[in-house]
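Labels run A, B, C and D following the written order; every chain starts at residue 1.
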Amino acid sequence: MGGLDDLYQQLILDHYRNRRGRGRIENASASVHEHNPVCGDECFLDILVEDNRIVEIRADGDGCSISQAAASMLTEVVADKDLNEALEIVEHFRRMMHGDAEPDEDLLGDAIALEGVAKYPVRVKCALLSWLALRDAIASYRETTAHGG
Amino acid sequence: MGGLDDLYQQLILDHYRNRRGRGRIENASASVHEHNPVCGDECFLDILVEDNRIVEIRADGDGCSISQAAASMLTEVVADKDLNEALEIVEHFRRMMHGDAEPDEDLLGDAIALEGVAKYPVRVKCALLSWLALRDAIASYRETTAHGG
Amino acid sequence: MTTTGSPALDARAIRAEFPMFVAPRPDGRPLHYLDSAATSQKPQVVLDAMNAYYRETNANVHRGVYEMAAEATDRFEFGRTAAARLINHPREALVLTKNATEAINLVAWAWGARELREGDEIVVTEMEHHSNIVPWQIVASMTGAKVLFAPVTPQGEVELDALRALIGPCTRMVAAVHVSNVLGTINPVREIVEMAHQAGALTMIDATQSVPHMPVDATSIGSDFLVFTGHKMLGPTGIGALAASPERLNAMEPFLGGGEMISDVTTEGSTWAEIPWKFEAGTPPIAEAVGLGAAVEYLEALGMDRVREHERATAELMINALGEVPGLTILGPTDPDRRGAAVSFTLDAVHPHDIAQFLDSKGVCVRAGHHCAKPLMRVLGTQSTTRASAHVYTTDEDILALQGALIECRSWFGA
Amino acid sequence: MTTTGSPALDARAIRAEFPMFVAPRPDGRPLHYLDSAATSQKPQVVLDAMNAYYRETNANVHRGVYEMAAEATDRFEFGRTAAARLINHPREALVLTKNATEAINLVAWAWGARELREGDEIVVTEMEHHSNIVPWQIVASMTGAKVLFAPVTPQGEVELDALRALIGPCTRMVAAVHVSNVLGTINPVREIVEMAHQAGALTMIDATQSVPHMPVDATSIGSDFLVFTGHKMLGPTGIGALAASPERLNAMEPFLGGGEMISDVTTEGSTWAEIPWKFEAGTPPIAEAVGLGAAVEYLEALGMDRVREHERATAELMINALGEVPGLTILGPTDPDRRGAAVSFTLDAVHPHDIAQFLDSKGVCVRAGHHCAKPLMRVLGTQSTTRASAHVYTTDEDILALQGALIECRSWFGA
C-alpha cells in the first residue's frame, strides 16, 4: 500500500485529526466562500488584516482529509505573514501542486507534506481549495480598502 | 465484373439510351416534382387521366441510367392502366426494390430488369424516384377531383 | 456466449469476455470495478465489431454509391435497429446522439427553446442527474419558463402526491429519471407519464441507468421522449439515443443543422430529411453505432431478464454486506426489488474522497462525490457520497472486497 | 514511422500502416480509396490507442478519485492537447464535440440563437458545406436574422470584392470554408477574417478539409471560431473540435447543459465550469479523443508540411491524369498550389452515380452527388458531380487506376 502512505503522510493525518485554525472570525477583514465542483465540498475562509499583515486566519467547512489538512496547515503557515508574503507562499504551493516547483520547506512549513498530492489530479483540487480561497480573500480585501472601504 | 452486368442489364441500358415517354404534358391532370436528396436529381412527372385511366404519362428531368431507365419503363408499363391498377404496380415495384416481393413480370413488364437494383440501397432511391412520383401524382389527382376540381 | 444454461448469469464466465478483467494490472493489484454507473467495461465483441468496421468497411454513410459505403451504412443502421429493438421502439423514431445528455438537450433546444413561453412550467424531480436539470434551466432562462422540482423523501423516493400536485395547466414537460444513478431507486415511470399526459404535458424519461440493467419497454412506458447512453450499457463512448414518439419527431423542427439531415438546401432556405435522419446532422458516430449494436446483441444473448436478476441479486448482496460494516449508512431504498445495484453510502465521518482513495489501494474502484446530482445531495443533507455500482461482470468477490476494504478504511482513518 | 528521411512522403510505406490497405478484399478487388474527403482511413496506431484505452483504463473522466479514472482523464485530455497543438491554439479554448457540424451548431445556438436580432446579417459563401449553412438558416429563422451568400465564380473561387460589399454594419457573423470539399479551392481565410473584423463581425472558419491536409495555424488565421472533425484526419468517428478565442468562449453562455459542464447546480439555477469544459456536457467521446490524439501524433510525425506537399503533388497528378480522359471536365481551380486534392469533375453525359458505380467494380471508390453543397451545385449549373479525393496513403497507382477506369466507363455507357 505504498502509494497510500505516500499520499497520506503522518503529518497530514495529524492535521486532519487535529485541525488548527478552524472556525470563523466575527469581524473579519475579508471572507470568502469557495466550493470544489468535483465533490461539492465547501470552504469558508476569514482573515483579519492589520497593517497589511494577517493577524488572524480561520477556515471552516467540511471536506476530505486532504482538504482539511491543507486548510489546517495553511492557517499555521501564513499566520502573521505580510499579505505579499502570504500570496507568494500560496503561489509556491499552487505550483508545487501542479508539479511546477521544487517544494521549499522554509516557505511551506508542514504543508510540504502535501507534495505527494500532486500525483492525484482530482485531489489537487481538494488541497488547493482553502489556499486559493486565501488568494481570493486577499484580493477582495485589497479591493475593498482601495475603494476606501 | 459480374456485379456490374447484374445491375446494368441490357434492357436497362437500352431504356436509358432510348428513353420512352420523356417530356411534359401541357394540360396534365396532375403534375408532381420530386427530387432525390442523395444526388439532387429531379423528376417532373405529368399524367393525363380520363375515366380513371392514365391516358398519357410523361417523365422529365435528368438522372442516372437507373433513374432514367426506371422512368422510361414506368411510362410504358402504366400506360392506359386504371388508377388502382397503376397504384398496385407501383406498390409491387416498391416492394421488389426493398426486397419484399418476388417480382411478377406480368405486372412489371420491362421493369423486372431493375430487380438487381435492390442490392444497391443508394440506387434504389434512383429507381423509385419516378415511380413514387406517380403515386403522388395519382393522390394529388384524386384530391383535386374529390374537392370538385 | 459462455454463460451457463441456468437461469442465473455466471458473472465469472462473463468476466472472461471482458479484456479489462483478463489482463492483470501492471502493479498486480486486483480489479474490483464497482463504478459501472459511471461507465461500464466493454466485452471483446464490442471492440472487435468496431475494429472490424474500421478495418473492413470504413466509409462515410448514407450517400456513397460504392459497395464499401453501402456496407458501412448497413452496419451503422444495424446499430440503430438493435438499440430500438432492445427497448421495443420503432427504429425510425430512434435518433442517435453522442450521449444521453445531448439527447435531452436536443428536446430542450429543438422543442423547448422554440415552444416554451413565459409562465410555462417544466417539472423535474429532485432526484435528477444534472443532465435532466440543466438543459431545462437553460431553455427556461431563455424563454421565461420555470423549472419546478418534485420533492424526494429522505429515503430516496419521489413523493408522488407532491408531484401530482405540482403538475398543472401550465406544465408543458415532466422529466423524470427511471433509475437513480445515486440511490438506485426505480421510479414508477408509467404512473408519472400518465400523470403528465393527463395534464396535457410532454414527458422525458431518463433511462440511462435502466436500459443497461433491466428490460425496458419504451412503448409500454409511453413517454414522448426517452434517452439512454451507450457507454453505460457495455457499448463505446460517443453514442447515445433519443427514443421519441414518431409523431412528436415529425412535428418538431430540427436541432443541429448540417449534412445528412436535409432534403434540400437553397440560399432561400432548407427542407428536412425524414426522421430519424432529420435529427442527425453531420457525420454520425458510425463506429460507435456499430459498437452499440454489438453491445445490444451481447446483452440480448445474456437475456435482459437475467441481467436484471443478476442486478437484483447483486444489490441484495451489496446491501447486506454493507450493512455489516460498522458506522456505514446506506442511502436510498434497501428493498432489492425496488432498486438497482448502484448503492450510495456514508461511513461515519470519513470523507468519500478518502474512502475512494483508500479503496483504490485495495483494487476497489468506487465513485465519490455528488454524482452530478447536487439537488439530491441537498435533500440527503450531504455534499457527497461514496457509490458502489455493478454490472453483469460483478461477482460476489467484488462485493466482499468492497466490504473488507471499507472496514479497514474506517480504522485507518481512525473513525 | 516508416517514411523515409527524404522530403516526400512514401505513400506506399504509409499504406502498410493502415489495416484497411493491408488485408486483401474478400472478392479480390483492389482498393483504390479516393473518398478521403468524405472520411479518411485510420492507421493501426489510432485503433491501437483506442483499444488500449478500453482494455487498460476505461473509466469515466474528470471526477474519479481512483487511479484508473485519473489515467483515463489524462489520456482524454491528451487528445485535446494534441489537437490544439496541431493548429497552434490554446488547449483551454479547444472544445471537443462529436463532429465539425456540432461545433458550428454550438456557435449558432449558444451565440446566435441568443444574440441575433431582426435585421442582423450572417454572411456565408456559396461554396459552403451544408454544415456551415443550415445552422445559420435555423437560428436566422428563429431570430429574424438573414443569411446572405457571397457569390462564387464558375471557376470555383469566392468573389472577394462581392464578399467585401456584402459585409456591412448589420453583419454579425462571416462564415467561410477554408478548403472546399467539392472543388478543393483554398480560400484566403486570413483576408476574409480581416474583412469581417473590420466590420465588427465575428468569424467562423470551417477548417474541416484543411486541418487534415496542410499546416493550419488557427492563431495566425485569427478567426473567432474554427472547426474541424476527427474522422477526416485519420482519427475516429464521433469526435470534432471547436477552436475559439478564449475571450469569446468565456463571454458565451453554454450550449448543451448537463454533467461535467457545471460549477454548481441548485433548484434556483446553475453556474458553469471553466472553459473548455463549460461547453462539454455529459460523458465526452473519451476513446475518440484518445484516437484523435494518436491521429495527430501520426500526422505530426509525418510532418504537416510534407503532408501538404504530398497533397499538392497528388492534386497535380490527378488534374493531369483526369485532363487526359476524353470528355472529362474538371471543376474548380487547376493550379495545384491553390487547391487540395479533392477534385470534382463531370464526364460527358454519364451520370455521377453511374460513374461511381462503374468505378467501384474496378476497385476505385469515389463519391457522386451534391457533396452536401447544393448551393454550390446550382452555381456550377449541375445537380451532382463525381469527386475523387486523396490523403497521405494515396499513391500514383490510385490515380492511374482512376484514370483508366474513367476511360473504360465512358465507352461502357456509350457516351
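What we mean here is this: a residue touches a chain if its C-beta (ideal position, glycine included) is under 8 Å from a C-beta of that chain, and two chains touch if they have at least 3 such contacts.
The structure displayed is predicted, hence computed values, not measured ones.
Asks: From the mean C-alpha coordinate of chain A to that of chain C, what's the distance rounded to whole Å?
Replies: Result: the chain centres lie 38 Å from each other.
Asks: Measuring centre to centre with CA averages, how many angstrom lie between chain A and chain B?
Replies: Computed value for the inter-centroid distance: 78 Å.
Asks: Counting only Cα atoms for the centres, state how far chain A is from chain D in Å.
Replies: So the centre of chain A lies 46 Å away from the centre of chain D.
Asks: On a C-alpha centroid basis, what's the spacing between chain C and chain D, in Å?
Replies: Measuring from centre to centre gives 31 Å for this pair.
Asks: Where in chain B do residues touch two or more of the other chains?
Replies: Within chain B, the residues that touch at least two other chains are 3, 38, 120, 122-123.
Asks: Would you pick out the residues of chain C that each touch at least 2 other chains?
Replies: 63-65, 67, 69, 262, 264, 353, 357, 368-369, 374
Asks: When you draw the chains as points and link the ones that touch, which shape shows up: line, ring, star, complete, or other?
Replies: other
Asks: Which two-chain combinations touch?
Replies: A-C, A-D, B-C, B-D, C-D
Asks: Which chain A residues qualify as touching chain D in the complex?
Replies: So the residues of chain A touching chain D come out as 3, 35, 37-38, 120-123.
Asks: Can you check the complex and tell me which residues of chain B touch chain D?
Replies: Chain B residues touching chain D: 1, 3-4, 7, 13, 17, 38-42, 62-67, 120, 122-123, 126.
Asks: Which residues, counting only chain D, touch chain C once they are in their complex?
Replies: Residues 19-20, 23, 35, 38-39, 41-42, 47, 50-51, 54-56, 58-60, 63-69, 97-102, 104-105, 108-109, 113-114, 126, 129-138, 141-142, 147, 149, 229, 231, 236-240, 253-262, 264-267, 269-270, 281-288, 353, 356-357, 359-360, 365-369, 372, 374-375, 378 of chain D touch chain C in their complex.
Asks: Quick one: which bits of chain D touch chain B in the complex? Just the residue numbers, please.
Replies: Touch residues, chain D against chain B: 351-354, 357-358, 361, 368-370, 374, 377, 383-384, 413-414.
Asks: Which residues of chain C touch chain B in their complex?
Replies: It comes out as residues 62-65, 67, 69-70, 73-74, 262-264, 273.
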